[in-house]
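Order of writing sets the chain letters: A, B, C, D and E. Residues in each chain are counted from 1.
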């Protein structure tokens, strides 16, 4: 058992060192008219930000409204106004990473703006342009660790994910006290479960990252 | 046969009729219409299963109308025609006595149209199997093949209007094809005009045709024109439950409607 | 040979911006039958019309085509000009180059080609036009007013005072409508009932007004000047001639737990009831659905106690036929109720109420005698939250429009509350304040400045109940979108104004158009705001769109004056667009076969059987169909129905329609 | 060779669809310019013969449109029209005429947007189908062929 | 009766008891669950946060496999997985371009003719018609039915009758003999995917939920989502720190609660796998009177 765990940690470190960069390409995009953040958003996600009339109902219902540095309605406001500096401010905000995609905003929005999709788009842009808010690094690391895990295994293994995440954030202590009890309750499975055709999984990731390279 | 002749003689004698429209034997197997003006000519009168002509078509002729009191020997299609024509208000100026011979070879002399109506409703004919088979076959074709089939058929049409002349429902004093202000249908026998003529005929007869099949039988170039109206009647019954030549008080699909008629095809 | 003049309008730049108008005129000049063609900046202007009139005379024109806006706009204008020029007005036709060409297509050659095609089509139509002469029909000088709210009352009084007969039909037991439910009215804060009840009484006592309450219109047929209306007088179960309105019956009625419509469900009424003390007529009806006698077959107390013997359980609905010349539709509106709002509790929180309920709470005649107490426990609320735009301007809820009156009545509500409870706190969540109107914005400012109502800009996402309080989760978008949570005692939703639930069926009975929200459509949004597309039927009040009282009253008076204009002469002229059965030489007389199947097709029963007789002998020579031009409305259903084209429609004849089609085609688009 | 621009004729009633098309104009809703409107008082007035004539004269597609059920300005013209369309479609179907080229619809005076969408949809549909040539191929040769065939028999 | 089954990663790991109890209840009612062979992860919030195409392609692979396997219906007990699979299916079916792209990514054909069932739909369709004959016990307790986000939103995917105050779970609990309470936090978010990365926020959000349930006297909280469960169950120490009070209401999966009413043992239902002891909920149970 112990050997197994050590192996696992070792493997993770190795992977961490020669990290395969999933679909995340850092690049800077010049803001040109017609190529603004708003127009790219409208084109790729199909959400029309001008539909928002700033009633604030999204913010009023957001479970994390107090923690957001830019409130949900203000996110849309900044996209609408397109004033100089707004784009950078948005992409480096913490809010876009705090959004839980709980869809409370969309479900009550009188103008049916799919805000959670806007947030997804902004997150992807933020990573692409390397503008991720430092305070959101943990959240991003978790997402990355998650995707790496399923790329390699096809499905998630919580031990695997946890270790991978901890290696990324170097936050080794958190949750350590939980592991033994979870383990004994049979909830943690240190041997990574994998799908049969792991190669298929890698191919999907590969094709997507190739296609996105081709798009740009 | 004697029975029928006696009956008609009786009608002549008591002055009920002074012209009898019936059938007589011909060189071909199928008997032909005959017009009997005196009791002495009665002997030629026959009625067999092969008496297919729809004699009601003659009731529209001024020569017939002039005779005043007319007797008409009717097969079931003719009876239906009489019912339909009555519902279309066509007999206001004619005094007629209707006779038929039923399955048991009994001669029936109807005292009024209500009796005809009752008889028709009790003996209402099905669509002929041959027609249904042909229609099924046509329906099994692709749309393109149906188009090919019919346009080929219509290309043969010579616009002789025999189909119209033989039809008891085509009684308009001036047919739409004769309208020239505007000219709706080309008069020359070209396929487009022929197609329009037959579509128009089918539309005008939809829900009024009484399925006697005369038009198909008479066509000199052998177009099965009657199939168009048979199909129309079939569809109308399916869609609206209406039957032509069924009731004196009309049951015409195209001058009535239901608010919930189907409209899946309307965007 | 026809000599047709073609006049192409630029409509400022409305047409000329996308259509090459000069090219259109140039091409038109080449069309067969066209003797003259020109283009001009504003054809409908005085100089424009003069050009038409002069051209007709100068070029001896026999017909004209005006390529301009929709015929629905200026057909009448140009036909009048044609008449001035000396040709029959029906020889003037409009080619719609604005609404259906220049406004919907970009500036391309194809657009100009389309314009030319349309002009050619209409030129062809005109070349087949024949002079037509207006038909005169008598006018029945009685007006029907449907709906007894303030709109109906105003219209009825105006028409009756002008000396014409009015029949008013109201579906509830009393007239008065929503206005009778209101407490005070903005922006003056005068008592609603105090200004309304005198009008109600005037209606009841006016010698020219026949009032039918508890009645509904069953069907409307006929046409302007001559409508035939069936009205259902619902069984009141009370003999109006005997009843004295003493009230003994409703005091003794044992069914006392029926939600009271007049008090917006905040109190109860009995099964035999008069809706409110000032009701007109103040005589009760039995609500049979809730009456023990009708539902269970026993009780009969009201009959026993009635001193006048007016109770009649056997009474049945009665249908009466009336003839009227014009109709005012004033059927009013409804509001969305609190159950329309899932995020505010599906209407399950008793202390979340709608605006009309607040009116009843604030009204001296209401269930709390004007004290504002919350419905759940009768306590006086210390904190009230008002939510403007509840359901209005909410695409997700299917109501994109602004309900217009909520900003004002919310300010009024907050003010009324503060006047009664100075220490209380009133919060208004709003998106925009729309207070355009005489003294309106001043009124809102007064609420904020003098009465200390807290206006918070932002919408409320959710309301939930906790420990007898309503937790209102909103946001203050003027404070950096700060989340706001208020523990309120009562919440008032300014719910959206919507059409009545039966508006669609009313419109269908009257054959008037309505919009997708079932508000009735005016004939023109700006220039004919009180008429409908059906001549002789006018609109008044909120059945057309959300309206406040001043606007409603103005529209009602406008509708009344339209009708008075109609009633000012004994006869009216109708467009001669009617069907005609052809005639020809004997012995044919007409190509009509007399099958008379078209009698059933005509929606107006305008086709009848005609016997053509020998003048000397009286012998019937032919039976044929005949169109009664007085009844015919010109729909043309019979024309398309007739097998051998024996009926034709004047102005839309077979020849015209076919030549339009032929003119359109046979060349590339 | 420029792109095929279909010729579409729209037979519409005055009260609903014509007004709806006007509304599309007043709201400046852009749509394909391939349509030409012929105005009728009511869908009840639209003769099926006119549809045939439109095709005969070179239309590639036809739109027939009027008031929604119950909304007819003349109470029931559209109901009668609807029955007629049902019957007409069934005869065309039997003959094998391409009924996809005729689009029936209800467009009310309030549905400017629907009108614009309808025109665009039909234009796209007919564009995809290509020009209507079924009738062009018919006339001329067949009679002679038939005659020849009869002679040889 | 056979129904397809997509467990999702959580049901193999931290929420094994959800899967265990679902199987126990299904088996009792004669329903066989057939797992999609070689299913893979739905991508969860990570995929849609970082890569739009990936968030569609990952669920699509599993759905295509299910089609291949000939499953016409699959039940997806995990609310998060359901949301991802349903969103992916909808996106593909609504847009031909996405369909083509996705088929290329996953190198499999996709027709979208597999019907996806939420746990409620599954219970409603397959368990409800026969449940009464197997229910022998009455839970006899006040339950707070907790839906969280993904069971209630977005409304076009979750198909609940009343998305702001759903009653589907309440109906199940009433059947099981419990008294569902009326409370305010049914559909509030628990913090979901932040369990590990922002435990502080999870404690705050889940704390509010627990607090409201406790104040309104719930004996147990019923959930139908593994994420909600782990946040409400596993994160109790952090919540305690946040609220500065100890709330010990047990959190049960809907299938566990239903299983208890069917007389299935606590062990078989995996009640021993919870952090918060479930004894309090089990001890309320009484025999159902005939």
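Here, contacts are C-beta pairs under 8 Å (C-beta built on N, C-alpha and C of every residue); 3 or more make two chains touch, one makes a residue touch a chain.
Predicted model, so just to flag it, every value in this text is computed and none were measured.
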Worksheet item: Smallest number of touch links from chain C to reach chain D?
Response: 1
Worksheet item: Considering B-C alongside B-D, which chain pair is linked by more C-beta pairs in contact?
Response: B-D
Fill in: Between chain D and chain E, centroid-to-centroid distance (C-alpha), Å
53
Practice prompt. Quick one: report the Å distance separating chain B from chain E, using the average Cα coordinate of each chain.
Written response: 71
Fill in: Interchain centroid distance [CA atoms averaged], chain A/chain E, Å
23
Discussion item. By the touch rule stated above, which residues of chain E touch at least two different other chains?
Written reply: 163-164
Worksheet item: Which parts of chain D, given as residue numbers and ranges, touch two or more other chains?
Response: 48, 53, 70, 76, 80, 84
Worksheet item: Counting only residues that touch at least 2 other chains, which ones in chain B make the list?
Response: 176, 184, 254-256
Fill in: In contact (per the touch rule at the top): chain pairs
A-C, A-E, B-C, B-D, C-D, C-E
Response to the item:
In their shared complex, chain C is touched by residues of chain B numbered 88-90, 92-93, 171-176, 179, 181-182, 184, 204, 250, 252, 254-256
Response to the item:
Note: in the complex, chain A contacts chain C through residues 51, 53-62, 65-66, 71-74, 104, 108-112
Fill in: For the chain C and chain E complex, residues of the former touching the latter
342-343, 345-346, 348, 462, 464-466, 471
Worksheet, complete the sentence: Per the touch rule, the chain C residues reaching chain B in their complex are 588, 591, 593-598, 600-601, 620, 623, 641, 643-645, 654-655, 658-659
Practice prompt. Could you pull out which chain D residues touch chain C in their complex?
Written response: 5-7, 9, 15-16, 18-19, 21-22, 24-26, 28-31, 33-34, 36-42, 44-48, 50, 53-54, 57-59, 70-77, 80-81, 84, 108-111, 116
